[in-house]
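Got a structure for you, written out below as structure tokens; questions coming shortly.
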Amino acid sequence: MKIEREIRNDHIARIEGKAGVVVELGDEITAKINVTEGPRFFEMITRGKTYEDAATICSRICSFCSVPHKLTAVAVAEDALGVEVSEQTTILRDMLYFGNMVESHALHLYLFVAPDYLGYPSAFAMAEKYPQLMKHGLELKSYGAMVQSILGSREIHPENAVVGGFGKLPEKSDMERILKSGTEALQAAVATVDFFAEYEYPTHIDLPRNHLAIRPHRGYSVYGDGISASDGFSFDIEKYREFIQEEVVPHSFAKHSRYRESPFMVGALSRLINNSPLLDGTAKELLSTYRSLLREDNCFANNFAQAIEMVYFIEKINEMAERLTVKKEERVQPEASEGKGYAVTEAPRGLLIYEMELENGRVASLNVITPTAMFLPMMEVDVRNMAKGMWESGYKDPDLIGNKVEMTIRAYDPCISCSVHVVRL
Amino acid sequence: MQKLIYIFWYIRKMRYVKIANEQIHDFLNQLKQYGKLYAPVKVSDKFYDRKEIDDVCDIAFDYVRTLLPAKKYFIHPKEKMFDIDIENGTYDEPEEKIEPFVLFGVHACEIVGLRILDGVYLRDYVDTYYKRRREAGIIIGLSCLPDDHCFCNLRRSDFVDIGFDLFLHELPDGYLVRVGSPTGHKIVDECAELFSNVTQEDIAAFREFEEKRQQMFSHHGSFDNMRYLLELTARDELWDEESEKCLGCGNCTNTCPTCRCYDVQDIPDIDGKTAERIRFWDSCQFRSHGLVAGGHNFRETKKDRFFNRYVCKNSYFYGLGTSYCVGCGNCTYFCPAGIDYLGNLLRVRSASEPEEVVHEHN
Amino acid sequence: MSDTMKPKVGIHGLTSCYGCQLRMASVQEILRVAQRFDIEYWSMLSSDGTIRHVDIAFVEGSVTTMADEEELKAIRENADVLVAVGSCAIHGGVQGMIFGEEYRKVFGEIYGNCTMDFEAKIAEPIHKFVKVDHNLPGCPPEEDEIMYYLATFAMGSYPEEKDYPVCAECRRNGYPCVLIERGEPCLGPLVVAGCGARCPGHNIACFGCRGPVPHGVAWFDSLARTFREKGMEKEEIKARMEIFGRQYEKMNEMIEKVFEHED
Amino acid sequence: MNTTENIYSLYKCRVLRVYDLIEDVKLLLFRFENPDIAESWTCKPGQFVQLSMPALGEVPISICSSPMRRGFFELCIKKTGRVTDKIHELKPGDFVGVRGPYGNGFPVDEFEGSDLLLIAAGIGMAPLRSVFMYAVDNRWKFGNITVINSAKFGNTLLFRKELEAMRDVAEAENIRIIQTVTRDPDWPGRVGRAQEHIKHANTDPEKTYVCVCGPPQVYEDVFNTLIKNNYDPRKIYVTLERRMKCGVGKCGHCIAGTSTFLKYICIDGPVFGYYDIISTPGLI
């Protein structure tokens, strides 16, 4: 193979975590996402820990998704121990989870992606010229952070969410606080949709693909009992190993996953592709206005999908905050101390799968598959196609190609920290 | 202090009234007109703390101790001293409007504790922050029955006759109320319909209560020789053993009604133009309490710090002729390591082997 | 300091959950922070950055690869003041729980015989490799402390670090003590204050995310004794204390000491 | 600045001059901004002030000038940490906040009519300088005076030049100045520790008051030598240091003593007598 040009960036900026990319251009074109961040062995370090400690440790897999990790780890322990939580707990967890969605999407769209679209190296550089945009971004971020702080005790690593319920329940005044800033946040989210609807998706990477998303319990939710694919297939979470395989590749401390042997996509786009009929309210209206932007075959549609989701989740949070009158209730104490459990939820970046075995109240084994590990192979395909398309249509400047390559990576909102927690097979 | 002088004057003309159990909630509601009402409420399975009262039915009358002593209302756990303008080098006191407030249900030991704090904070140099709050606070005392950790009797702080506006002594069907200040008189006058005269039976009941209370203390005698004995036993192994258990967490000092060490810090704003000078509770159990520039520490080891508290608490407070320790037992009750402060003092006093002390919280 | 003399800062991440950087990025006053400093390097937020000389470098994350180690050394060489941010950088973080032989075993178990393109190492705190001037503890650090640290640096001074435990704040805030009341293994007495005793305030025992109190006043031995008295076994105690304390040199020794006379 | 009676309020003071004394130690001259304060402010030798650097903190510093000089005072400050680092950056014209004076100071009234022996080690000369200046300004009130100033090296002798420059006056005034170093082979003058020079003092042990200041480790040897040389232990005074946040007996950091003898260094000290010291473990 003759390599004419190599594009290499050891440290992709504006993503969560540390990864590099190498694209070799020549008669053959290859692309590799190097996940060089050191492995962190979460499955190992949780072994022998109580399920409470394990859930708290798992939250440290990633900061952007600390709420999803914590709540999924809690859900898997509850599944293993046969704990049924109250209706109130379910609602409060949804709120907490949705709060994380809003913050994570806002950070991604405003701090990571918007500078790309507007041609700035960073949001700070962009802030001067686009103060209104930045204001929206910070408003949405703060709103999400506030919801998480109220329900989870803080915006990163929510210690208040525990097996059986919550350590401390929110008060009436807390709900009022959420409602109070809800309207403004919703406006900002709608403005975000309008902003992202204006940008044209880069071409060269249109490629049909499989989208995997949760089979939700009720409504357009983040909790569910199985996974559905855009190829029409659907399976229970207990069977995930039959459909999703993981393998080690030499250039990455993160494993790569395949669905029935091929790369696939997960995330906001996949959720909307598979579950958008479940949407309601403003988000539904907006989506019907901009239906054509929800492109199955182009990963850049993911940013638009995130914007739509923000609208939906804020509206839901506000609804819940308005309806719920928090009653005093005790956490449910598990009766069992052993068992095997499965849990799947939708993290901001896509499906998050936990499998846990408990003995004597302590973790005997744990397996976690994160969204980034799932979409890494698909991302490599898109990166390669992006580079190939540009190269073949005559672009030779490696910086220019590199820039587009990075934008492609960012469109996925990859979470490298999540991916290198390292999965045991 | 103007107020204290009045107290001395009125003390000679004592006034006692009675309030029946049926009237007590009315009385508590009436108290709210004198300011925000703070009283002990149950905050968890075993603990009580003083909180602002909305519904007077929440008030706990049979509490023994609160998570934090009454001092928290006079020296806030954390407070701003100054707003600093860096460029002009000015230090301005924050504009704090101090509203009158009522502390209900303060036990005798805590009232003595506050008087000890007065001795420190109002002596020579008057701490304005403390003084203003002290003047705004109305103190309503409440009699109590001791638990195993209480030894206020050994400290002579089990009964007070000064330092409160009203003091309620439990009777079978109500409370014998002693008036301790002009404010106390005013309250009684203004709520006259709630009070009745004290009867012979009430006096008998009061006597009986006091008798019962004295008998309930687990230890009797005197601690007057404690100061000498502590110095003489400073090298005993007891201090090695006990300080070995200590977590250096400072709960003992924070929950002590008379511990008053504070630290001061300047917190600059990010713009570099303004700052706040704050002060917050410190503890001699922390490493940096005795640390000076250059790294020398006047209380280098955990044992030094541990022993320091025993020395400091037991030393002589000239103002009242007692020790700084009022015998409330908080430091034992709130010590996560289960270190028995009273038990250790008793060991010092009698040089006996430690009794099997069960550290129980109930 | 005039505008032309803005301090230059770099914000770097090694291996971690990136929460400390995220927390720094999400402080309310982020735009005012950006105005007060020249942010020379912050790859999480900006694609404009190579490691250049800065006045203050903030480093999050532990060292888990050779590349991390090299990067850290380059950061140190180019910084006048280096601040370790968060539990990973200061104590190794949760990933620092696997040590020595155990590490080889685990690595083999997971990656099997697959030869990797990069070399991974045991996760270690950054002070094992370079001189650290200040620690900004937390998992992640608290907003008020981030702002305090930044503000003191901006003034050309440096922060006063806390050397007392979470219990102090727990008590000042008047939270019921879960260790006394329910016998739950609260690590508050061991752990450096700053969080305002968030977990006890939520009825949850502190599990030590901020890491041990510095300067040798984290009394693992005394707390292990207390836990033993509440009925916990040695292994249980270790399993809990090691989550954020495993790389504290004397941890094991101190816990063992308490159980010495038993077995 | 505050006009209320808040005891923690500060007087604004202007830095007039900054001298480099020895490495890391500077002498700063201040003046009160407010003329009323300048007029009325007085202090005693051995007292200290609380000096604030806005947004950084407050530190206790001994006054090292003669109390006879109205409206002005000098502080001699060693650079050792957050606040003192910044103090060293002060330039003439800058402002600081000051409150005080605090502490008991040396009982100079009691000293009257007696000989004076001042023994300084390290930066101990800083607080003793105010006693010395006071004695010089009121020369007729005291008998013979000896100052022993000691340090490790010639260039770490605090106020060396100032003391050297006074030699002629001193000769005429029965003041003996002994400067000695312990580790400097190039030093042309006297060598050895402070206590080794007590025998060279011009003071009569029977009627001498002694003031000592230095790092904690020097005290024992100095005391022993003094007592061996027949100085009266009841007339030996030292000035101590402790962590302090308020300077007025509130914050508790400087509490020292035993249960029969509890003292605040800031208000009961910082000057203590020999018997206080030996009956109170931990005071030094």
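In this document, chain identifiers A, B, C and D correspond to the written order of the chains, with residue numbering beginning at 1 in each.
Convention: a contact is a pair of C-beta atoms (placed from the backbone, for glycine too) under 8 Å apart; a residue touches a chain by one contact, two chains touch by 3 or more.
The shown structure was predicted, so the numbers you read here are calculated from the model rather than taken from an experiment.
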Shortest path length from chain A to chain B (each step joins two touching chains): 2
Chain nearest the global centroid, as defined over all protein CA atoms shown: C
Distance from chain D to chain B - Cα centre to Cα centre, in angstrom: 39
Length of the line joining the C-alpha centres of chain B and chain C, rounded to whole Å: 37
Between chain C and chain D, centroid-to-centroid distance (C-alpha), Å: 43
Separation of mean Cα positions, chain C and chain A [Å, integer]: 25
Multi-chain contact sites of chain C, meaning residues that touch two or more partners: 151-152, 155, 160
Multi-partner residues of chain A (at least 2 other chains): none
Chain D: positions in contact with at least two other chains: 55-57
Residues of chain C that touch chain B when the two form their complex: 1, 29, 32-33, 36, 147-148, 150-152, 154-155, 160, 163-165, 167-168, 171-177, 179-182, 186, 188-190, 215, 217, 219, 221-223, 225-226, 229
Chain B-touching residues of chain D, taken from the complex the two chains share: 1-2, 4-10, 12, 52, 54-58, 80-81, 84, 95-97, 216, 241-243, 245-246, 248-253, 255-262, 267, 281-282
Contacting residues of chain B [partner chain D, same complex]: 81-82, 84-86, 89-93, 120-121, 123-128, 226-228, 230-231, 234, 259-268, 272, 274-275, 279, 282, 284, 288-294, 296, 298-299, 304, 310-312, 314-316, 323
Touching residues (chain side chain A, partner chain C) in the complex: 11, 13-18, 34, 36-42, 44-45, 48-50, 53, 56-57, 60-64, 66, 103, 107, 111, 115, 121-125, 127, 134, 138, 141-142, 145, 153-157, 159-160, 162, 166-168, 248-251, 253, 362, 406, 417, 420, 422-424
Contacting residues of chain B [partner chain C, same complex]: 43-47, 49, 67-68, 72, 77-78, 244-251, 254-255, 265, 267-272, 280-281, 283, 286-288, 302, 334, 336-338, 361
